[in-house]
Each structure stands twice: as C-alpha cells, then as structure tokens.
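Just below sit the structures, each encoded as structure tokens.
Next come two complexes, and both contain subunit A; in the first it sits with subunit B, in the second with subunit C.
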Partner chain A sequence: MMGVNFLADLTIKGKAGLLLILAILISLPFWSSSYIISVATITLYLAILGQSWNLMLGFAGLLSLGHALFVGISAYLAAYVFSVLGLPPVISVFPAVLLAILMGMLIGYLGFRFSIGGVYFALLTIAFAELVRISVDHMGFIGGTEGLFLPVSEGDRKGVDLINLRGHPFMFYYLAMVLAFLTLAGCRTLLKSKLGYYWQAIRDDQDAAQALGINVFRYKMYAVIYSSGIAGVAGVFYAFYQNSLFPESVFGIERSIEVTLGPIVGGVGSLFGPVLGAFILTPLGEGLTELIDFLKNSGIIDPKLKLNGLKLLIWGLVVSLIVLFKPRGIWPWLSDKLGFCRTEGD
Partner chain B sequence: MDFWTLANALATGLLTGLVYGLSALGLSVIFGVIRIVNFAHGEIMVMGMFFALVMFRWLGLDPMLSVPLAAAILFVFGYALQSTVISRVAHLPDHMQFLLLAAIAVMIVNGSLLIFGPDPQAINISYSFDSFDIGENLIIDKTRAYAAIAAVAISGLLLGFFKYSRTGKAIRACADNYLGAQVVGLKVDHLYALTFGIGAACLGAAGCVLLLLIEVHPYLAPGYTLLAFVIVIIGGLGSMTGALVGGILIGMSEALAAIVLQPSMKSAFSFGLLILVLLLRPQGLMGKSVK
Partner chain C sequence: MAAFLEIENVSKSFRGLKAVSNVSLNVEEGGMVALIGPNGAGKTTLFNLIAGVFPADEGRITLAGNDILGLRPDQICDAGISRTFQLVKPFPDMTVLENVTVGALHGAQNIQEARKAARNNVELLDLANKIHLPAHSLTLPDRKRLEVARALATRPKLLLLDEVMAGLRPTETDEMVAVFKSLNQETGITILLIEHVMRAVMSLSHHVAVLHHGKKISEGTPGHITQDPEVLDCYLGEEEDV
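Presenting the complex of A and B:
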C-alpha cells in the first residue's frame, strides 16, 4: 500500500532512475572498497536525519537548529544501558526514542505555548541542545567529557547480530539503507495524509489555518514528535555504529548544522531533496579530501604544505554558490530537468 | 567565599561584559536594520583578532592602536559582503539566509586555519601582567580595564552616530519603515550595506580589544557567535542599549557562575538565562514588544 503510493508521483523515467540507484546501492558492497561503504553508510545516516529535520521545516515550517539533541540523548541512553545492563538496542530503542520524543515535546510545548516563532524558535532549540551538551559534560556516570565507549570484542566486526547491533560494516550499511527507505516511505505517507496537509497549511499561513479550525498547537506538536522520534532511531544507530560518544561531537552545534545542510541543498519540503542533498554533500567532502591527498602524492602540490581547512573552505564555497544560484535546492531543478516527477518538486 | 573574592569576580565580569556588549552591538545593529541574523558574527570578530595579531607581530603595534585600522578594513569587508552577496538572499526564507551565513562562517574559520594554523596564539605586551590595585583587595588587570574603556568609548560613538548624524537617522528610518524610507528617496541598498559595514567594523574593534584578554585561534569563533546571540536576545534584538546591558549581565553572571559553580558551567548559566528570557519576555529586557 505504502510502496505503491510512494511511486505514484514518479514518471517512468523517474522509476527507472530510482531502480538504477537502488541497484547501485544494493550491489555496492560487492564491488567497492570498505572506505566507500563507510562513506555511504554515513551518507544514508545523514539522509535519515535530513528527512527528520525536513519534516519539521519543510512540512510544518518549524526551523530546528538543535537536532543533534534528539540524536544525542537517544544515542547516549541506548549506549549506556547496553554497556551497563547489557540491554540490547532492539529493546532500548523504545525508551531511547521515547526520551528523544519527550525532549522534542518539551521544547515544542514551551515554544508553541509561548508562541515563539521563526528565528526565536531556532534559538530555543540551540539553547536546549547546548544546555544538554554542557550537562552531559558534567555527568561522570556517562563518561563526561572523557566520552562513553561501547564494549567491542574482536569477533564483533565479523558476524551479523541485529539484536545487539554488533557485526560487519556491511550489516550497518544495509541497516542504514533499510532505515533510510522506511523513513522516506513514512514521510511520504505522512505528507500525503490529512496530517501532512494540515502541516502544509500551517507552514504556509498559520493564522489562516487556525481560522479554518486547525488546532495549530496540536499539529505542530505532532510534527516535533515525529521528527524527534526519527532522529531518536537514527541516534541508536549512530551509537552502535560509532561505538564512542563524546558530548562535543554528539551535541555540538556543528552536528545540528550538518543535519540541516543536506535538505537545504537538496530542496526543503521535497521528499527526495534531503536524500539527494546527503548524497551530494558527504561524497563531496570525502572526495575533496581524496583529491587533495592525490595532488600531494603525485607531486602537483608540495606534500609538505599544510592544507588543513582547505577542504572545508571549498565546501563552504560550494554551499554558498548553491544558496545563491539554486535557492530552491537541487532536487526540484533536477527532477524538472530530467522529467522524474509528475508534480513539481515533490 | 568572602566579600572580596565576589567583588573581584564581579568587577572582572563587568569589564569583560562591556567588551561582550560592544561585540553584541555589531550583531544587534545588523539584525535591527537589515533583519539578517548574522551567523558569521564570531567569525568576523576573530578576523579582527587575527588582524591585531598580525599587526602586533609585524609592526609591534599595540592592539589598542589597531582598533581604527581593523574597524576600517572590516567596514569595507562588511559593506562589500552585504552589497554583493547578502543582498541577493534578502528575499529568501530565513533558513536559506542562515545557511549562506553559516557557509561564510565555515569559510572564514577554515581560511584562518589555513593561514594561521590551529594553535592558540597570544600576544605579550609591556602591561600584560600589570594591574590597578584599588584599595587593598580589589585588583583589576590593566589590559581588562583598557579593553573595557575602549569598548565603552566605541559603543558611545556608535550610539551617538545613530542618534544624531543624518546617516544614522536615515538608517534608523530604514529599520522603522522600509517602504517609507524608499518613498522618501533614501538609498536603502546603500544604507543596508553601510549598516553591515558598521556592524562588521564594531566586530573588528571588539576583536582587537579582545586580543588583550584572550588567546586567538580559528575555533574560537562559533562560541562567540552563540554568546552574542544569547546577549542580544536577553537585551532585546535590535535594541542597542539592550545589547550593552545584556553584555554586562552575561559578563557578570559568567564570572559569578565560575566562582559559585565551576568555570566550565558558566555558559550553561547563559543558556539557561536565554531560555527563561525567550519564554517570559521574548522581546528581551530592553526590546519593544512586537505584537
């Protein structure tokens, strides 16, 4: 049902394109290197988070700059109960996601109850994320600034243990792919449901939506709940993929900004935009690193030159150019050009 | 904790807060007029710090003397940035403007990383370790006192400019009523660019002064961007006196938090304050209610 729905907007060309991409992704472990798999795993992970963030801004018009908070608290909870009680992530994912949702509800309740909108709402999310980061810094029992580490044994990286999320990098790659696909299909279902239309009405004109009898407060809360819930699932994945959590690298504002980049570059409010954005930005960053290394090794530029920062400098330039010249994002433009979609930018 | 520990901490906090206030003024002016949230705020200030560092290393110039130079250079930078790049995204939604400025911030951080490397660098001037001893127990660092005096002087100059000069009045007119300003024939684009330039010049000056107090490194910037947001929201976005009052408030509360709690907890205090202000008085302490 969901799957059929999901393809309805794509033209024949679009379906063929999607199939080709799926075939490439599924066969990737069989012909590429472990390095490419790790890049692809992170890309899929960011695509999931991009979808979650896009649900708030693109669907309901709520700008969050604290998404790392939902990912982080869920990751910490799952990692902590695993390392102390040995509780497998299959079980701990439920309390972890619940915690992320409760956090989202708290921020949402305060923000909407006191009608904090736009930039101010974004600052509220930053403030909460920073407060939690500093608090975790001072919580000795989950490692504080020293970090929280998951126990990893020698054999762990060979098998496939989905209950405990211990296994070969390929397992994480396929898991990320399944999660990304489920998120995409789920968001599509939400967007085309009554709920999705309420969200879009609120996004486009909150006062008009309210005048038509939509309970704005309630539906905004639903957006935050779904969004933080998806981020929570991604958080559990992150914890078991990384095996180490540090407050700065989990809750830092850079993480929250990273989440926003994919959807903005791909196209806010579209379904495939966040996925496309992740698949442009992550490989771009990695590709630049590789290119600089290559140029150094082949002697085209002096190997002794310290080029820390060059990669991100170029990366910032690319993002600025996209904002200036493709402000609606890459996906709406690309799908028009290639004739992938029936409805524009969807 | 005895009385003098507290008094010393508060005095230090007050003086640091005045420098914070000057920096926040740069953010407040830009938001108040152009309605752009400058996410590259701390980064532009760190450019000012690096400029003062280079001047000190090459010419032995005291950072206080670098202030006018840095202000002039960053004014040109800000003017050019607004008129060539930022003006082009004025019609885009908030999140696109945010992304552009965040990308500019990333470029500044990594550009300075490329040039200056990641290590913290400090300057050592003749009066670095001197202090004014007031009475027997109140000790104030000379550098901090000079920094605060410079910050107050520059802030005063700026407030005067906006209140009394024709250009200042014209800029305020743009902020109050964009359409009206255009109707009466003000060159709004030029005035916006001027405003961004003035905001950046503020940051250049604040950066030079701040170099007297702390070491500079590229990763310093994001923290100061957030700090300036906190200050400006608490004081009231767009209110110039609010930025100064917010700066002093945050400076003093950080100093207090550092002795009452732990130094590493001091920014938790600021963010807690930010949440309270957002919820209870979203227009800030000195801001006008926008309903």
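Presenting the complex of A and C:
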C-alpha cells in the first residue's frame, strides 16, 4: 500500500529512474568490491539519518544539531544488553528506540513548553548531546572513554543472522537498503497525511497554524518523536555494523553535523533530497580519501604530507557552493530538470 | 437573551498604554458587526483578545455562554471562532490548495474530505485558477482572499475578519461582500469585521461599533454611526479631508 502510494507522484520517467537506481543498488554486491559495499552501506545509513533529521527541519521547521544523541543512546543500549545479557537486537531495538524517543520528548518538552525557538532550540539539542557524551565518558559499565565493544566471533562475518545482526557485510548492506526504503516510504506517507500538512503549516507560520486549530506543542512533539525514533533504529544498526562505540565518535558534534549535510546538499524539505545528498557526499568524501592515498602511494604528493582535514574542507566547500547557488538543494532542481516528479495536481 | 459573542468590560494594556479600555460589545448569532476606528484605536488588539493571542487584563469574553478568555488560539478555533490576520500570514511554501486544506483538516475525517472542502473554499474566494501555485507567489489581494478561504475552511460559527478588503478594487470589494452576505444567509455564520473600506462596512454590517484610543465611543446601525458627531470628528470626518 505504502509502495503503491509512493509511486503515485512519479512520472513514467521517474519510475524508470527509480527502477534503474534500485537495479544498481540491488546488484551492487555482485559486481563491485567489498570496499564499495562498505561505502554504500554507510551512505544508506546516512540517508536514513538525513531523512530523520529532515523530518524535523524540512517538515516541521525544528532545527536539531544533536541528532547523534538519538543515534548514540539507542546504539549504546542495544550494544550493552547484547554484550551483557545476549539480548538480540531484534528485541532490544524496542527499548533502544523508546529511549531515543524519550530523550527527544524531553528536549522537545523543554523547548516547546518554554517556547525556545529557532537557533536556541538547536543549542538545546547540542547541549543535551554534549551532556550525554560527557556522561558516557564517565560511565565505566559501558566502557567510558575506552569504548564499548560487541563480541564478534570468527564465523560471524560469514552467515546471515538477522536476529542477532551478525553476518556478512552484504547482509548489512541489504538491511540498510531496506531500512532506507522503509524510511523514505514512511516519511512520504507522513508528509501526505494530516501530520505532514500540520508540520508544514507550523514550519511556515506558527501563529497562523495555531489560529487554524493546530495544537502546536503536540504536533511539534510528534515530529520529534518520529525523528528520534527513526534515528534510534539507525542507531541499533550502527552499533551492530561497527561493533565498537566510543563516546566521542558516537555523540560528537561532528556526527550531528554530518547528519545535516546530506539533506542540506540534497534539499531540505524534499523527500528524496536527503537520499541524494548522502549519495553525493559520502562517496565524494571516501573517493577523496582514496585519491589522496593513491597520490601518496604513487609518489605524486609527499607521503608525509598530513591532509587529515581535507575531506571536511571539500565537504565545506560543496555545502557553501550549494547554499550559494542552489539554496533549496540539488534535488528540487534536478527532479525539475529530469521531469521525475509529477507537479502538484489531482 | 444573551448574545452569541459577549465582550464585557475588557481591558488590555501594553507597558502602561491602554490599548483596549473597558470595552463591551455584543454580537448576536448570525449577525454581521463591523468594528471601525482610526489606526491604533485597539481594534486588532480586541481581535487578538478574542482569538486568544494574549490574555486580557480584565473583563470577560463568552461565546454561546462559555467563557473563552484564557484559551489558547487553537482552542478558540475548536470553540468555533476563526480569524484572519491583518498582516497576512500565508504558509508561503505550501500551495493555495494546501494552505486551505490545513484549515479544512480542522474537523475533517481525512485528507480527501479536507481537500474537497478546501477546493470549494478556494473556488468561493475566486482563487481556483491559482490553486496549485505556492502562496508566496500570490499578490497581496490574493493573499487576503487566501486568508479568508483558509479561515472559512475550519467551518467557524464566528468569523473574525481583520481588514480583508484593504487593497481590493471596488468591484473586488463588492464581490467579497457578496460572498460574505450569501454565506451569512446560507450558513448563518456570524461575522465580526475590522474594516476601513466604508463601502464594505455600509453594505455588509447590521451593526457598527467605533473604537477610539481603546474606548468604544459609539455604536449603532451604519446609518446612525455616520451621523454621530463624535465619530465624524475622530474618524469618518478625516477621510473627507483627504
């Protein structure tokens, strides 16, 4: 049902394009390298997170700069109960997502109850993410700064165990693909529902929205709940894909910012923008790392040259160019050019 | 018998300035009442008090006998009051139809039903040929129409119109007046309007109240108001000078 709906606003060309992309994605493991699969998995993972972040800012006008928090606490919870109790992620995903949602609700409650809007709300999300990062640093039972490691045995990377999320990298790749598609379809359904209309109304003009009978507090809370919930699901995936969690690399502000870049490049507020953004930025960053390594190995540039920040520099440049020349992102412009989406009409 | 909307001795000050001072006004069910007065007289402040934007310092406002003072704007809408904004507030990135659908979702069972109702309101306000345009591309008169269409879509019992005819051409004003008249006759909707366009006030309202410096200085039939020396002195007379 969701899938059928999903196709409704694509033109014939758009459907063909979607089929082609799906065909490439599904067949990727059969003709590419394991390295490309790992890049593609991270890309899909970031597409899910971009979608989650876009739901808050693009749909409801709520700027979160602490999305790593929702991912992180969910990842930590699922990883902890797996390593201590052996509880499989298929079960722990529920409390993990619930924890992410509760965290979202707490931030949302404080922000919306006391009318902390715009950039101040973003500061609140950063504050909570940092608070949790520093707290986890000092929590010995989940590893503190030493990190939390999931038990991995030799045979784990061979099979397919979806209950325990242990298996071949291809399993993670396909799982990420399914999750990314479900997130996209789910967000589309939400956007076309009463919730989506209300979120956009609140985003565009809160006073007018309230005058039309919208309980602004409640609908903003729904946005945070859905967004943090999706991030929570992604967090469980991340924990079992990475097998190691460190406070800095999970909750750090870089992680939260990374989440925002895909949607900004692809198009905030659009459905496919976050996906497109992830598919532009992640391969770009990885390709650049590869290129530098290649240049160093072949002696074209001095191997001792430190170019650690170059990836971030290039990303910054890309984002600046997008903001300057395509402030609504690439997707709205691209889909117009390609004629992939039906224009609004019954 | 108690009136549909009863405003009793309502006052509101901002930093010591009395924006609305001890104003009382009754609006009968199915009535069309105009609120006129010079700029800064407190008309929009009175609207905002009714619409729940901010609380009153003193006084009482009831709708069909129920106290509505202190309710949030969305609860006021639930109670059956819908309003337009003098400084129009469209949802700029949504289309005309989507704008009105947001209003129509108030009380509608589902999106389809809301879109259908929204379509009717869009046609009623003569925006049918712009139905899929984003609201930010509309001209000011069209934005005013959109405000009305969106407010009507919530199916209010009482409609508060804040200068919706400002900037319209005389023929367009007459068209909008005709829309309100027929709505009033067909659905029995009660209308309270703030308006400077006297052409509209005269042909639309059954009853007119005049505010000046936050106080109600006169009220009565349109004919009575235009003869009141105090009103002529502070408001209507000025226009003749121009």
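To be clear about the criterion, the second predicted complex is superposed on the first by the 333 of 346 C-alpha atoms of A that agree within 3 Å, B and C clash if a C-alpha of one lies under 4 Å from a C-alpha of the other, contacts with A are read in each partner's own complex, and residues count from 1 in each chain.
One rule holds for everything that comes next: a contact is a pair of C-beta atoms (placed from the backbone, for glycine too) under 8 Å apart; a residue touches a chain by one contact, two chains touch by 3 or more.
Here the structure is a predicted model, which means the values were calculated and not measured.
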Partners on subunit A (subunit B, subunit C) - clash or fit: fit
Geometry of the superposed three-chain model: angle at subunit A (Cα centres of subunit B and subunit C, steps of 10 degrees): 80
A:Q210 touches, of subunit B and subunit C: first, second, both or neither? second
Subunit B versus subunit C as contact partner of A:A201, first or second or both or neither: second
Which superposed partner A:L324 touches (first subunit B, second subunit C, both, neither): first
Subunit C versus subunit B, contacts on subunit A by residue: B
Which of subunit B and subunit C A:L191 touches, first, second, both or neither: neither
After fitting on chain A: smallest Cα gap, subunit B-subunit C, Å: 12
Subunit B contact footprint on subunit A (complex, rising order): 57, 63, 65, 110, 114, 116, 118-120, 122-124, 126-128, 130-131, 134-135, 137-138, 253-254, 257, 260-261, 264, 268, 306-313, 315-317, 319-320, 323-324, 327
Subunit C residues touching subunit A - in the complex, by the definition given at the top: 51, 53, 72-74, 76-78, 82-83, 85, 89-95, 97-98, 101-103, 105-106, 110-111, 114-115, 132, 150-151, 154
Touching residues on subunit A, where the partner in the complex is subunit C: 192-194, 197-198, 200-201, 203-205, 207-216, 269, 343-346
Of subunit B, residues touching subunit A in the complex: 37, 85, 88-89, 92, 94-96, 98-100, 102-107, 109-114, 117-118, 218, 222, 226, 229-230, 233, 262, 264-265, 267-268, 271-272, 274-275, 278-280, 282
